[in-house]
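Going by the order they are written in, the chains are A, B, C and D; count residues from 1 in each one.
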């Protein structure tokens, strides 16, 4: 039985894991870099150890240091969270060698799913639908054309050696096939010195739908239904919800079965996610498997009522799954938004700095996973995500109303955040109706810009407020430089006030 | 259709109501006393109006002022919250006269349930079990003895005109009947000038179990299951949970049916609560009906998935109930604790004052209904309850673990609160096993006292921390009095630090 | 300056041996602690000692009096410096009244039962104060004579504010 | 002192007519506002005006530059006093470079592409800065000559800190 877990992570996910440890009576061990002594995950842990300078490769990615702390603190197990070492097969293997339980899958599952080509082949063999396309690189022009005709238009021609959009061509019309393939090949040759390409079916109105799975070490595997994650910018998820607004019970059952088959194909044990690309007609294809806890796992927890971290720990303990597929159902609707310290009006530029004040939304149906606090200085070294706001509602409509309410009462001063942007998403008709694809954000660029929701007087009042704030600060500077304690005439309100007045 | 609601309340319940208004697209109007300009409910409202001095009778209880604001702001409806005017039949009636919807029952229901004797008779007529006892005052000694023999021992003899424990006698043995009744009568005569008594069955191991009901204006009524509220001090609920750990499905169905019958007996419309006193064998008796929203309503919301304020508004709108009894079920387990600004080690003395800093618990399964914030000065005029912490868990065990975790990460500095006391409740074996009655707190007085959970070194470290804090403050005072901005050598940590170090 | 800390009623010597940023070495009653102490938020401290993390929330009713909340325990600590030692030496037994009546918390004066110059008997209530709908009676321990009544009925008062002084 | 506020790019005169605690009367561009303004928490204001409640969150990148968040809108306000008017009068057109390159936020210097004394062409990147795993290139608008390079690769920098100055 695991009694003490080292959490090899920071930020909200470290706290998320510690919470379940705490609830299960398991001791938690934090590790922290030089930039993180004042991070909340240190304060939430039973023990905390310093592991090096701020840059991740010298601290949170340093396998030796983490193993050293695990031994020193006598931790039975390591939870990697997401990011950092969570999908590092070498780390999983190393833990095994050291006799420390890695709370996640073994190296075989990580490696198989980590390599796109191997994963694709494994899925094909397991009968899981993958995006139609070639499994081997094609050098011959005629063969490429023939393959495209077999798959059917539209297709995407991609450089085998490629990346970053180079050597990539979308082919929609038959007459463009030859010229596009030629262009892709010569571009690939120029860029990568290799003109091999592969061909994939192009999904026109793609939805990103993923299934949460749990598998134990005894061959049992269940799924916990889908998450709809199509609201993305630059392949970064921004809003996730469950159930998916486009899902049907029949397709859900099919996809769930395929998700379980995918996990079983790599003898998976632990919590994992199968990502599918899905079109408007609910044709779906395996995209990849994330062999760890997802950022957006809370919406599943809210709707299915299962604590995924608790189950991860139970599985790592060698227990059999506590749930059978037929025990599980979806109850209500959950939405998550990711709040970033960023300037959404300025190309989503990160905006680290000191949080002057933070006021979290409270009340019914609100879950908040965060790691920042008033006065906290967001470090420049790590992800700009400062919190995940999750709402649960009886219906999708109630959940959207609740999210809007929560975002409007979520106050942060000091740094720019994506809160107003997220609030505007909740107002877009296509989102409200559930009609959206991964193109949602680019397609609604104008609607999502800061706009005049504030009537003229409100703008005036905002300006007056800034002016008053400016005057207050000047007064404070003066009084401090005069050697007085700063008793501003602006700060009169409070109990003292009531005392003199009554 | 209601478009704008005035909330005739303050604190967490005002915010609770505003949240549902906000989610339903309804405008909210706050009222505030002189002590409450900086209260969070003002900030959460769309509009806010000043209504008078701090004492409640000159502001929140002033019917004229509240009606005046309702008219000025063009509010269609008034939500009274709990306390203040929520069970004031005159106010309900007055709203009606003014053409303003009162979100609550009519004067008839409030009056009937407000008077203990009338309520008791009405319940008897409706077939709802009441505590066996006399409905009329007894003056004759022999008749009193005869009645006691009919009801069966133990019984409570109470002065009809009484209150505050005077003229009250518990009779457990047959030989004590005569002397006890005589003593009660003479005490009653001395205290109230009236020696009439009434006799009630005494419940030995009483549980306070209540049922939430919802009734529309069309004669439909449903219940939303029970809440167990037996953890009390001085008749003040401290911890509530649902489902009750002692409930059986059969008794639940019976009690629910009786709760609905109770509401129907007064043509109830709105949300209400039927309180039952229940013994260890699950014999239950009607105690009273609260004709308003309860403080502890959130646990029902968490487990049944229904937003009670939303339904109150729907009912006030004249809509039929959105749920049938068979649509509802209990899902998981919820616990609420009431956090007070009080000194639990010093006879629960209220401890108002300035909250230096507050850090709310976050994460899975946590709901927090509060109205305080860092820097907020808790007014001395109102209730010392500063927040309601609610957890949901898949099972009772998970919920208790989660509550403990939440309480341990809930940090308040500046005022003493009941948080450590509540945390100790979660540790008491009888609570964990669900074996408790309304005598729980007095019965476990010792276990609930502040105790040495902190080993010797921990006490030392606490003392060192206080010492360092003291030195820091002295430094600050010095630097301010020297006219320097206070750059304490203790405050070095942060980004600047990282900058110079790397 | 030499300091002591009074922990839950017991005095112990305390001395800071060294400090560098948040790393502090302290000698407390003969025992040396090497710790990493950080005030994360006002009054909320995280202390790392031998890898263990301790969280403390500090409440102060007066400059030198601390009540510290740990998870389930409440610890009273008082800083003892030259001034407090002097004050202590002047103070009599515990069962004597202070020079004035005050309340431990803010509230509102409900009723004043004595007048200036009045002689009051030990155990007699002199003032009733309400806070948050709860009324508390404040009594003298021994026979006293009222010197000054500094507040009137209906006044809002602070904690530890002198309300009635005695001769 | 006479002040103006620049709201989303437009200058308007502002004057406080009276104030008493949190009740303030202000003249803004010829319009009078009578309001009740309270800073509830640092940088978080509640403003009551004609019964309506407005909540504002203030962010400042410099002492006089505010970005104010309302529910779904972001408003830029700059306080214009004598000093800023003087600075403005000295400033040229918008398409001219400032005297130095800086970043709007803290970060880490990834690469410096110029040396002191070097002539750089308009549009050329002079420095690359990373924050939160995202790299940004900073360019000059017109041809310039590098005067001083104040930072080196790997340095952590603050927002608005001069990095490279020009002649």
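By our rule, contacts are C-beta pairs under 8 Å (C-beta built on N, C-alpha and C of every residue); 3 or more make two chains touch, one makes a residue touch a chain.
What you are looking at is a predicted structure, and each value in this text was computed from that prediction instead of being measured.
Undergrad: Using the stated contact rule, I'd like to know whether A-C or A-D comes out ahead in C-beta pair count.
TA: The comparison resolves to A-D.
Undergrad: Could you put a whole-Å number on the gap between the CA centroids of subunit B and subunit D?
TA: Averaging C-alpha atoms per chain gives centres 49 Å apart.
Undergrad: Suppose each chain is reduced to the average of its Cα coordinates; what separation in Å results between subunit A and subunit D?
TA: 32
Undergrad: By the touch rule stated above, which residues of subunit C touch at least two different other chains?
TA: Touching at least two other chains: 22, 38, 41, 55, 106, 156.
Undergrad: Could you tell me which residues belong to subunit A and also touch two or more other chains?
TA: Correct list: 37-38, 357, 359, 373-374, 380, 408, 493, 495, 498, 502.
Undergrad: Please list each pair of chains that are touching.
TA: Every pair of chains meeting the touch criterion: A-B, A-C, A-D, B-C, B-D.
Undergrad: Write out the stretch or stretches of subunit B touching subunit C in their complex.
TA: Residues of subunit B touching subunit C: 341, 343, 345-346, 349-353, 356-357, 359, 374, 380-384, 408, 411-416, 419-420, 423-424, 427, 450-454, 457-473, 490-493, 497.
Undergrad: Where on subunit A is subunit C touching in the complex?
TA: Of all residues in subunit A, those touching subunit C are 30, 37-38, 40, 42-43, 45-49, 72-73, 373-375, 495, 498-499, 502.
Undergrad: So in the complex, the part of subunit A that touches subunit B is made up of which residues?
TA: Interface residues on the subunit A side: 15-16, 19-20, 22-25, 34-35, 37-38, 44, 53-54, 298, 301, 305-307, 310, 331-332, 354, 357, 359-360, 362-370, 373-374, 377, 379-380, 394, 398, 401-402, 404-405, 408-409, 480-483, 485, 493-495, 498, 501-502.
Undergrad: Looking at the complex, which residues from subunit D come into contact with subunit B?
TA: Touching subunit B from subunit D are residues 22, 36, 38, 40-41, 46, 48, 51-53, 55, 106, 154, 156-158.
Undergrad: In the complex formed with subunit A, which residues of subunit D make contact?
TA: Of all residues in subunit D, those touching subunit A are 3, 5, 7-8, 12, 14, 16, 21-22, 24, 26, 28-29, 31, 33, 35, 37-39, 41-45, 47, 49, 54-59, 63-64, 66-75, 77, 79, 104-108, 131-134, 136, 156, 159.
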